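For reference, chains read A, B, C, D, E and F in written order, and residue numbers begin at 1 within each chain.
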Amino acid sequence: MHESVLVAADRIRRLEVQGARNVAITAIKAIEKGAKRSKARGKEAFLKELSDAKEVLFASRETEPLMRNAIRHVIHAVEESPEETVKELVDVVSQVSKRFLEGLERSKEKIAAVGSKRVSNNSKVLTHCHSSTVTNLLLRAKQEGKSFEVICTESRPVFQGRITAKEMLDAGIETTLIVDSAVRYFMNEVDLVVVGADAITSEGNVINKIGTSMVALAAKEARTPFYVVSELLKFDPATIHGDYEIIEERSSSEVWDDPPSGLTIRNPAFDVTRREFIHGIICEEGIISPHSISELISRKYPWIFEAT
Amino acid sequence: MHESVLVAADRIRRLEVQGARNVAITAIKAIEKGAKRSKARGKEAFLKELSDAKEVLFASRETEPLMRNAIRHVIHAVEESPEETVKELVDVVSQVSKRFLEGLERSKEKIAAVGSKRVSNNSKVLTHCHSSTVTNLLLRAKQEGKSFEVICTESRPVFQGRITAKEMLDAGIETTLIVDSAVRYFMNEVDLVVVGADAITSEGNVINKIGTSMVALAAKEARTPFYVVSELLKFDPATIHGDYEIIEERSSSEVWDDPPSGLTIRNPAFDVTRREFIHGIICEEGIISPHSISELISRKYPWIFEAT
Amino acid sequence: MHESVLVAADRIRRLEVQGARNVAITAIKAIEKGAKRSKARGKEAFLKELSDAKEVLFASRETEPLMRNAIRHVIHAVEESPEETVKELVDVVSQVSKRFLEGLERSKEKIAAVGSKRVSNNSKVLTHCHSSTVTNLLLRAKQEGKSFEVICTESRPVFQGRITAKEMLDAGIETTLIVDSAVRYFMNEVDLVVVGADAITSEGNVINKIGTSMVALAAKEARTPFYVVSELLKFDPATIHGDYEIIEERSSSEVWDDPPSGLTIRNPAFDVTRREFIHGIICEEGIISPHSISELISRKYPWIFEAT
Amino acid sequence: MHESVLVAADRIRRLEVQGARNVAITAIKAIEKGAKRSKARGKEAFLKELSDAKEVLFASRETEPLMRNAIRHVIHAVEESPEETVKELVDVVSQVSKRFLEGLERSKEKIAAVGSKRVSNNSKVLTHCHSSTVTNLLLRAKQEGKSFEVICTESRPVFQGRITAKEMLDAGIETTLIVDSAVRYFMNEVDLVVVGADAITSEGNVINKIGTSMVALAAKEARTPFYVVSELLKFDPATIHGDYEIIEERSSSEVWDDPPSGLTIRNPAFDVTRREFIHGIICEEGIISPHSISELISRKYPWIFEAT
Amino acid sequence: MHESVLVAADRIRRLEVQGARNVAITAIKAIEKGAKRSKARGKEAFLKELSDAKEVLFASRETEPLMRNAIRHVIHAVEESPEETVKELVDVVSQVSKRFLEGLERSKEKIAAVGSKRVSNNSKVLTHCHSSTVTNLLLRAKQEGKSFEVICTESRPVFQGRITAKEMLDAGIETTLIVDSAVRYFMNEVDLVVVGADAITSEGNVINKIGTSMVALAAKEARTPFYVVSELLKFDPATIHGDYEIIEERSSSEVWDDPPSGLTIRNPAFDVTRREFIHGIICEEGIISPHSISELISRKYPWIFEAT
Amino acid sequence: MHESVLVAADRIRRLEVQGARNVAITAIKAIEKGAKRSKARGKEAFLKELSDAKEVLFASRETEPLMRNAIRHVIHAVEESPEETVKELVDVVSQVSKRFLEGLERSKEKIAAVGSKRVSNNSKVLTHCHSSTVTNLLLRAKQEGKSFEVICTESRPVFQGRITAKEMLDAGIETTLIVDSAVRYFMNEVDLVVVGADAITSEGNVINKIGTSMVALAAKEARTPFYVVSELLKFDPATIHGDYEIIEERSSSEVWDDPPSGLTIRNPAFDVTRREFIHGIICEEGIISPHSISELISRKYPWIFEAT
C-alpha cells in the first residue's frame, strides 16, 4: 500500500481532517495517489491494493458513510471496468475520482439551489450545530436577496453553533444564538428548521449531532417544518443489513475538563432522528420523503449495495 | 422603612442570596427585624410600613412567588389580627414569621418523605438543573436504603447540573452527567424524571429552568413519569389575574463571554411546562394533579388570593 | 303567572332576544316584574309562582345555562330567605336580581381585564363566530394601547364572524376574515385563539358554535394557546347528572335555502370542545384550568347544584 | 378482638368474599358485631379494639380501598363522637355502619341513574372484565327502554368477561364476546367504553383489571369516550402520601396450569389507566373530571385524609 | 404559434374551462391542432413552436400539474422521436395526444374500479368539495350494488359541495350536506373519507381544496381512513426542485361581496395535506403509500423529470 | 389436474399443513409433482393445467399470499419461458420450484442474520403469537452469544405463545409468559418488539395475528422499537387493486366451547398494523421502511404484479 493512504488514514484518525466532505476528499485523493504509484502486475493485484487501502481508511473513523461510499465507488468502477492493464485501471481510478469529486460539488450546489427555495422572505430559520451544506444553502438564500433571520443553538459540548453564527453574521444575516435547551422556548416563532446529516439509514432515519432529535421533536410539536439537507451518499448500506449506525462516544473532557472523581460522563456525539419527524431530505435529487431512501439509492447508486 | 429591609432587598437584587427558599427566608427575617424596630404609632402606620417593605422587596427580583407569598402571609396576618397595638402586632409578625419558616421546613421534609416513595429500587432517575428540594428527596431515598442511579443534565448556561452531580456523588449515589441535548438519547432507559419549580400558575403550569419543558416533552414521548417537586407556596396568584409569569432574560455573557459583534444572544432563564406533561406535583399536601392547583390553594392558603 | 313572563318566554323562543347574556337579563327582569305584581298570599304560593315562571322560561330555549342559572339563583335566594311575607320576598327578588345583573356586568369587565393581558403586542389573535365577551376583551386590549391583528372566521351558516369583523374594524383593529375551513391554513402564524362559550359541562368541556372544536384541534396541532372566555354561570349543572348538553339542530334553510329534493341537511348549532384542548377558561375568577370547574362551582356558586 | 373480625378477615383473605363492595360490607358488619360484644371499659379501650380490628382487616388483602375507607369512616366517627360511654359508642358504630351501607346502596343507584344517560339508543358499549357497578348501569339503561349492544372482552386469565356476558344476555341485551387482544379491531364501531375501578389515586388515575389501560389507549386512538364508574370511596388516601397503589401478582396457575419447567409467568391483576385517558368518572357525585378527585374527596369525605 | 393555442390559453385563464382533467384535454387538443397547421421547416423549428405553445399555456393558470404534464409528455415524445420531418412529427403529436387522452380515461376507470372496493356496504363516506374522480368512484360503488351514505361538506366559498350532493342524489345515493366546520361533529360516525387532489408533491403531500387538511386532521383524530384519489399525473415535478406548490388566492368577493371598507379577506383556494394523514393514494397504479410517490413517478413516468 | 394438487389443497384446507411457509412448500411441490405427470400436448394445454391447479390451491385458504405468490411465480416462469415442449416446460417448473424453495430458505437465514443484529445484549424482547421466522431470528441471536430475555404473550384464543415460550426455553433463553392484555403493563421495560406477518399490503400495512396492532400501539406510546420480520413474498398484490386483505373469522369454539345460548362470539384471526407503527420490515432485502414496499416489490419481484 502506498504511504499516501497511511498518511491520509492517520490524519483522519487524529481529526486533522474534519467534516464528512473533507474526509471523503482526502481519502479518495490518497487512493488515487497510491494507485498512480502502484506496482501491481495485474488487475487482481491492483484490486488487492485497493482493498487494502479501503480497509485502512475504513478503520480510521467509525461513522463516515460518505468516505466509505466514495471508496466503494472507486473500487466498484475498477471491478466493473473492461480494462485489464494496471495503467488503464489507474486511469479509471483517476477519472472516477475526478467525477466523484465533481459530483460532490454539484450536489452541494444543487442542494443549495433546491433548499434555498424553502427559505421564505421575512422568515426565521433555526439550525443546530454546524453543517457546511446547511450554511451554503442559507448563504445562497441570502444571495438571492431573501431577508430572514437565523437562530443557532450553541451545540454543546464543542460549541459548533458558534461557527455557524459567525458564518451567518459574516454574510450579513441577522443571527441569534441560544443554548440548546432553549429550542422549544423559541420554536413557536420559527418557520423552518434545517439541519445536516452524518448518516442516513435504510429505514430513512438520520444520524446527526446529538440534540437533533430533540429539535425535531419540538418542531413536530409546533407543526414547524423540519428538513434535513444531505448528499444521498451519506446513506449507510450497512444499516440495511441490520447494523445499527454506531453512535460514537467522545471524550468526557469535552463536557467537563475537571469532573469530580467517580462521576460518569456520557458524551454521545450523535442521535437518531426518525423518519416521521422529517418533512423531507433535500439532496442532489431534490426534495424527497425519507421513507423511500432505500429505493432511491437502489435506483441512483446501485453500486452502494453491490460493492463489498 | 428599616434599613434591614433595604439591605435584604439589595442582597437579593445582587444575587447574593440564591434559591427561592433562601430568598424567602431573607425577606421575611428582614421584615421581622424591621417590624421589631418600628416606630409606628398605630396599626395603620404599622401596616403602611409593612406595605412599603413589601414594595421594596417585591421589586428586588422578578419571579419570586415564594418570597412574595411569605410577605403576603405576614401582612395578611397583621391585617386579620384583632390586636391593635404596635407592640402586639410586632409579636404577630414574629410568630407568623416563625411559623412560616417552620412550615417551609416541614414542607421540605414532607416532600422528601412523599417523593422518595416514587424512587424505586434499581431505577434510574433523571433531573435537570439543581433544586435543593429535588436533591433532598433523592438523598432521603438513598438514606432509606434504596439503590438507584441519577442522570444529571449539565444545565447550560451556568452548569447548575454540576452542583447536583456533586451532591449526589457525595451521598454515594451512582451519578452520570450529560449535556442538555442528550436527554432524549437516554430517556428510554430512565424510570422517573423529577424536577423542581420556580413558580406554578393558576392553569397548573410550572415555570422552571430553561430546558425543563424539553425534558418533559421527551419524557412524555417515552411514557416516562415526570414529577415536579415544589412547595405549594410557589403558586403565583398574579397568574390567575391573567399575568403571564415573566420569563427573566439573563446576561448574554453567561452564554458566550466574547461573542462576535452583531450577534444577538437570547438567554431566557426559564420555560413553561404545561400541566399535561406533569404526572403530579409533589408538595406538602402530597402528590396532586396540577389541574386542580387553584382549588387546592383556595382551600389551603386562601389568603394568597385575598392578600393585596 | 304574570304576563311579563309569558311575553319574555315568547320573545326568547322567537329569537327576538339573542345572546346568552341578553336572554338571561330578559328572563330575570320578567321574573322580577311578575313578582312585583304577585297576588300570592304566602311564601309557598309565591314560590309556586316562581316555579311556574321558571318552567315556562326554561322551556323557551334549549341550551341556555346562563338564563337557567339566573332563575335558579333568584328562586334559591327566596327559598333560603328567612322572610316570610310576600312583600319582603318581592324585595328579595328585586335585590337578588339587581345584584345578579351587577355581577354579570362585573364578570364581563373582570374577564376583559384578565383576558386582555394574554393579548401580546404585535400578535395575531384568531376567534370563531361572534361573542360579545370575546370582542369586549379585544376592545379592552386595544384601549390599553396594544397593537394586534384579529383573524375572524366567517362562521357559516349565519356568518356571525362578519359581525365580529365589523366590531373589530370599528375599533381600528387590523382585521382579516377567512372561510371556516381555512383555519388550519393560517394557524401557524396565530399567537392566540380566543372563543366564547354557550355552556360548560361538569367534565370541563365547552359547548360553543359549531366548528369551535376543529379550531381547537388545529390550535393544538400547532401548539397555539387556545382560551375560552366565559362567565362561570354558563356551567350547566344537569351535566353532572349525566345529561348530555343537548346540541340544537337548526333549520336547514340556514345552510341552503333551495336544496334539491331528497337531500338531508344536518345543521347542528354547536359542538363540544373537550377540556384537553383548552389552555384555560378566562372567567370572573381569573384564568382557571377547565378540569376543576365542578369544584370551583361548588365553592363559588353552591346553589347551582342545590337549586332544583 | 372479637372473633367475628378474625373470621371476616380470614374469609376475605381466602377470597371467599369477592368484589370490593362485598368485602367492605363484610368488614364493616364484622366490626359492628365485634363492637356490640365489646368488653371495653372506656372510650380509649374501645378505640383500641377498633384499631386492632382495623389492623387485622387491612392486612387481609392488599388493594381494598373501599373496605379500608369503610373502616376508617367508622373509627373516625367514634373518635369525633362527643359520647364517652362504650354503650353509646357502640350505637355510634351501628348507626354509622348502617348509614355507610345505605350510602353505598344509594351510590350504586345514583351511578346507574347518571351513567345510563350516557348510553345512547342504538349504540355499542364495550366493557372489560366484570364490574357489578357497570352491569347495574347497563341493566338500568335497558330498563329505561334503550336499545344497545354490549361487547365484552373475555378478560383473561380468569374469564370474568363471561360473567358480564351472561348477565347481559339474561337481561335481553344483544351481547358479543371477544378475546382481549381484539379490542382495537372493534374499537372504531364502539360508541362508549365503560369500566369499573378497584382504586383511584390522588393523581386521578384509576387502577382496574389488567388490560384496562390498553382498552383506554385504543379508545383514545379512535376518539371513543371512555368512562370509569366507581364510588368515590375507592379513592386510596395512601397515594397522596406517595405510595404506589400496589399491583397484586396472582398465581401463575391462573395463566397456565402446567407450564414447562423454567418458565416465568407474570400475572399482574391490575394496571393503571392515567387520568388523560378518562373522559369522566361516574360516581355518586355525578360525572366528574378525574383531575380534581383529591379536591372532591377533601370536600365530601375529608375524614378519609384525617383518619389514621 | 397557432391561434388555437392562444384561444385555449385564454379560455383556461378566464375559467371557461374548469377541472384539471378538462383543462388538460383542452390544452393538449389545442397543441395538436396547432401542430397540424404548423409551417415549421424542420424538427428544431417545430420544437420551438411547441415550446412557445407550452409557455403560453403554462402561464394561463398557476396550479395545473396535469395540464403541464400533458404538454411535457407531448414535447418529450417529439424530442425523443427518431423522426425528423415535420409531417411525421405532427403524426407523433397526434398519436401521443390520443394515447394520453385514452390513458386519462383508463386511469379514471381504474381508479373507480380500485377505489370502489374500499366502499363497504352499509357505510358512511365523507367527501369534501367536488371532484369528478371521487364522484365517479362513488357512482361505480353504487352501480356495483353497494348501499352507503355520502356526507358532503358545502365547501365554501363557492359551494362546490352542492354539486357533489346533486350528483349523489341523482344516482339515488342517500346524501347529507353539512357546513364545513361541522366535519369533526360527524367524523366519529364516518367510515371512510375520500377526497380528490389538485397536485401531489415530491414529499408525498397533496394539494387540494382549502379545508382538506382539516378534514384529514379530524379523520386522523378519530382513526377514520382517509384516501386521496388522483391520477399520478397530478404530480408536480417542480416540487422536487424545492418549489413550493403555489397556493392561489382567489377574489375576496367569493367570500363576501360587499365587505366593510378596510377589511382584509384572505381566500386561499387550496391547502396542503401532509403524507402522514393519507392512508393511501388511489391512482391508476392502484393504492399506494404517498411516501414513495417520487420513486413511483420515476419508474412509470420518467419523462416528467426529464422534460424541461 | 393431477391428484397431488387436490390432495395438497385438501390438506391445506383442513389445516393439516400450518404456517405460511409450509403451506407454500406443500403447494409448490404438489404443482411440480402434477406437472411431472402431465399429459398435456402443448404449452397452452400445460398452462391450462397449471391455471386449474392454481385455482384449486388458491381456494384452499383465504389469506395465504406466500403460497399464492409461489404459484404465481411458477406459472409466470412457464409463460415467459422460450421453451415450447411440455417436457422442457416441466423442467422449467422443476427448476423454478427448486430455486423458489431455496430462495425461501435463504430468505429465512438472511432475515435471521439481519434481524439478530437488532437484539442487543442484556435487553428484553417482546413477541406476540408464534412465528418461526421470529423464533429463528431469536435463536440465532442466542447462538451468537447474546444474552437477552424474551417476553411472550399467551396469544388467545389458541395459545400459540406457549409454543414460542417452549422454543425459547429449549434454547436456554430466559423467558416470561404474560396474558395478552398485560402487554402495556410491561412495555416500558421492553427494548424491542419483533413480530411476524401473514400478509403485507400495498400501503405498507401488515396483517398478523389478532392483537398485533395493540402491541404496536403500546410500543409506539412507549417509544419502543417495533419490527416486523417477513419474507417480501408475503406481499399481497390484490391489495394494490383495492382489495381489503380479508380477515378470517374462526370458530367461536376456539374462544369458548360451551357459550351461553344467544351469545355472539366474534373471533377475527388477524388485525392490521398500519405502517406508521412499524420501524422497519426485516426481510430478505434487509431492513426497509414499509412505506416503499410496493416500489421494492416492483423492483425485485415484478412478476407478482404481472402474473394473473
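By our rule, a contact is a pair of C-beta atoms (placed from the backbone, for glycine too) under 8 Å apart; a residue touches a chain by one contact, two chains touch by 3 or more.
Since the structure is predicted, the reported quantities are computational estimates derived from the model, not experimental observations.
Chemist: Name, by label, each chain that touches both members of the pair subunit B and subunit E.
Modeler: A, C, D, F
Chemist: Considering subunit A as a copy of subunit F, what rotation angle in degrees (nearest 5) results from a C-alpha superposition of the former onto the latter?
Modeler: In short, 120 degrees.
Chemist: Find the geometric centre of each of subunit E and subunit F from their Cα atoms only, then give the gap between the two centres in Å, rounded to an integer.
Modeler: 38
Chemist: When the C-alpha atoms of subunit D and subunit F are each averaged to a single point, how far apart are the two points in Å?
Modeler: 44
Chemist: I need the residues of subunit E touching at least two other chains; which ones are they?
Modeler: 221, 276, 289, 291-292, 295
Chemist: State which pairs of chains touch, listing all of them.
Modeler: So the chains that touch one another pair up as A-B, A-C, A-E, A-F, B-C, B-D, B-F, C-D, C-E, D-E, D-F, E-F.
Chemist: So in the complex, which bits of subunit E are touching subunit F?
Modeler: By the definition above, subunit E touches subunit F via 113-118, 276, 279-280, 282, 285-289, 291-292, 295-296, 299.
Chemist: Which stretch or stretches of subunit C touch subunit D in the complex?
Modeler: Within the complex, subunit C touches subunit D at residues 202-204, 239-244, 274-276, 289-295, 298.
Chemist: Within their complex, state which residues of subunit E touch subunit D.
Modeler: Subunit E reaches subunit D through residues 187-188, 191, 221-224.
Chemist: Sort out for me which residues of subunit C touch subunit E in the complex.
Modeler: 153-157, 162, 165-166, 169, 174-186, 210-211, 213-214, 217-218, 221, 247, 255-256, 259-260, 262-268, 271
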